[in-house]
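This structure is in structure tokens; I'll ask about it shortly.
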Amino acid sequence: QVRNELALANAQELINKINEKCFSKCITKPGNKLDSSEQTCVAKCMDRYMEAWNIVSRAYISRVQRESQGESL
Amino acid sequence: KELGKFLESENARMRLQQSIHTFTDLCWDKCINKISNKIDRGEETCLTNCVERFLDTSLFIVKRLEETRKKL
Amino acid sequence: QVRNELALANAQELINKINEKCFSKCITKPGNKLDSSEQTCVAKCMDRYMEAWNIVSRAYISRVQRESQGESL
Amino acid sequence: KELGKFLESENARMRLQQSIHTFTDLCWDKCINKISNKIDRGEETCLTNCVERFLDTSLFIVKRLEETRKKL
Amino acid sequence: KELGKFLESENARMRLQQSIHTFTDLCWDKCINKISNKIDRGEETCLTNCVERFLDTSLFIVKRLEETRKKL
Amino acid sequence: QVRNELALANAQELINKINEKCFSKCITKPGNKLDSSEQTCVAKCMDRYMEAWNIVSRAYISRVQRESQGESL
């Protein structure tokens, strides 16, 4: 259960960040509705943010592993 | 039990107020450039749309995430 | 008493935001004192921020109500 | 009771330090443009004034809010 | 005891995930300018280097602080 | 022990702020390694940030003291 809550908090934080970053990138002048070009932009931005999140995760975890191996040498 | 209900509704009220602070902060930066004697019509419309579009974006993201998960 | 603390926290947060936004808008080059043009600017900025806060509140609460009515239909 | 007093004073110390971090962050962005070998006189004055004027603004806002409330 | 260990490892996992969110936020702003159909090679290298150099900076600062303290 | 934890939290916060500010000032285009000009910049930036922290501390503490003397008059 603790693990589920953690996964949920993690997903929630990711959604919040995507919301913040992609709103600021894609909706520069908020209009009467979220038009189709804004929706396309948010969809692309969201995919890019998750890609970036994966790249950053890999880079960080691999660094942490290298550092902890260095310590044990 | 009554206390529990009361505290829960106060909690909801607090989250509501926190959201209002967050949106005012965000939409102030997006909509207000010059400090004038009154918020004009254009700025007011911008503020209202800013809140609405931010929430639309939020719903759009959650919906799309769920669709992606279903496809997996 | 819980409600009072809540109202206080809310007012405090509003003051903090006004302080941050209006200091950054009105005091671009901090001098020996808060001069009268800076005071006028802060006073106006503060009124505008509270107006904006009211507009945002109305927009958000009306949206929450619309969504919850939609759910119960 | 002694412990309570001690913890309270530590709490005050913590809030003081947190304020110093917040002001340094804010005034660094306002006053320091180029990283040189020493903080020069102009930058030092700017940092000191930045703290003082931020606190003045804070007091001004609170005072004005109270006056508005009295008029109601 | 087993519970304590479990909670501690969950705690470490949480801090790890929080760091990943912080770095993604920071490096997104530094490396991604235009939203295109895929993150290109240049952007990917920038993101990886951004994480690595941020951690290098962190270690550099801590090491230098310790050296300064030893000299005192 | 409470005081030690406080000093530690304070040092940690200072390190975090220096990291954030000096990374953003000195590493504009992150490369394959932290090169020597970036290291020099971080070292200088770090010294300047701590100087600024000291100046701000003095200004804030002297203000707090003046205000509390004013109250007791």
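By letter and in written order, the chains are A, B, C, D, E and F; residue numbering begins at 1 in each of them.
One rule holds in what follows: contacts are C-beta pairs under 8 Å (C-beta built on N, C-alpha and C of every residue); 3 or more make two chains touch, one makes a residue touch a chain.
This is a predicted model, so every value here is computed, not measured.
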item: Touching both chain B and chain D (chains); value: C
item: Most remote chain, CA-based centroid, reference being chain B; value: F
item: Of B-C and E-F, pair with higher C-beta contact tally; value: B-C
item: Identity of the chain that, by mean CA position, is farthest from chain D; value: A
item: Centre-to-centre distance between chain E and chain A (centres being mean Cα positions), rounded to whole Å; value: 14
item: Whole-Å separation of chain centres (CA-atom averages), chain C against chain D; value: 20
item: Gap in Å, rounded to a whole number, between the CA centres of chain F and chain B; value: 33
item: Distance between the centres, which are taken as Cα means, of chain E and chain D, whole angstrom; value: 29
item: In chain C, residues with contacts to at least two other chains; value: 26
item: For chain B, residues contacting two or more additional chains; value: 31, 52
item: Chain ring listed from chain D, with chain F in second place; value: D, F, E, A, B, C
item: Of all residues in chain A, those that touch chain B in their complex; value: 15, 18-19, 22-23, 26-27, 29-34, 38-39, 42-43, 46
item: Contacting residues of chain C [partner chain B, same complex]; value: 2-3, 6, 9-10, 13-14, 17, 21, 25-26, 41, 44-45, 48-49, 51-53, 55-61, 63-64
item: Complex interface listing, chain B residues touching chain A; value: 26, 30-31, 46, 49-50, 52-54, 56-58, 60-62, 64-65
item: Chain D residues within the chain F interface of the complex; value: 6-7, 10, 13-14, 16-21, 23-25, 27-28, 31-32, 35-39, 43-44, 47-48, 51-52, 55
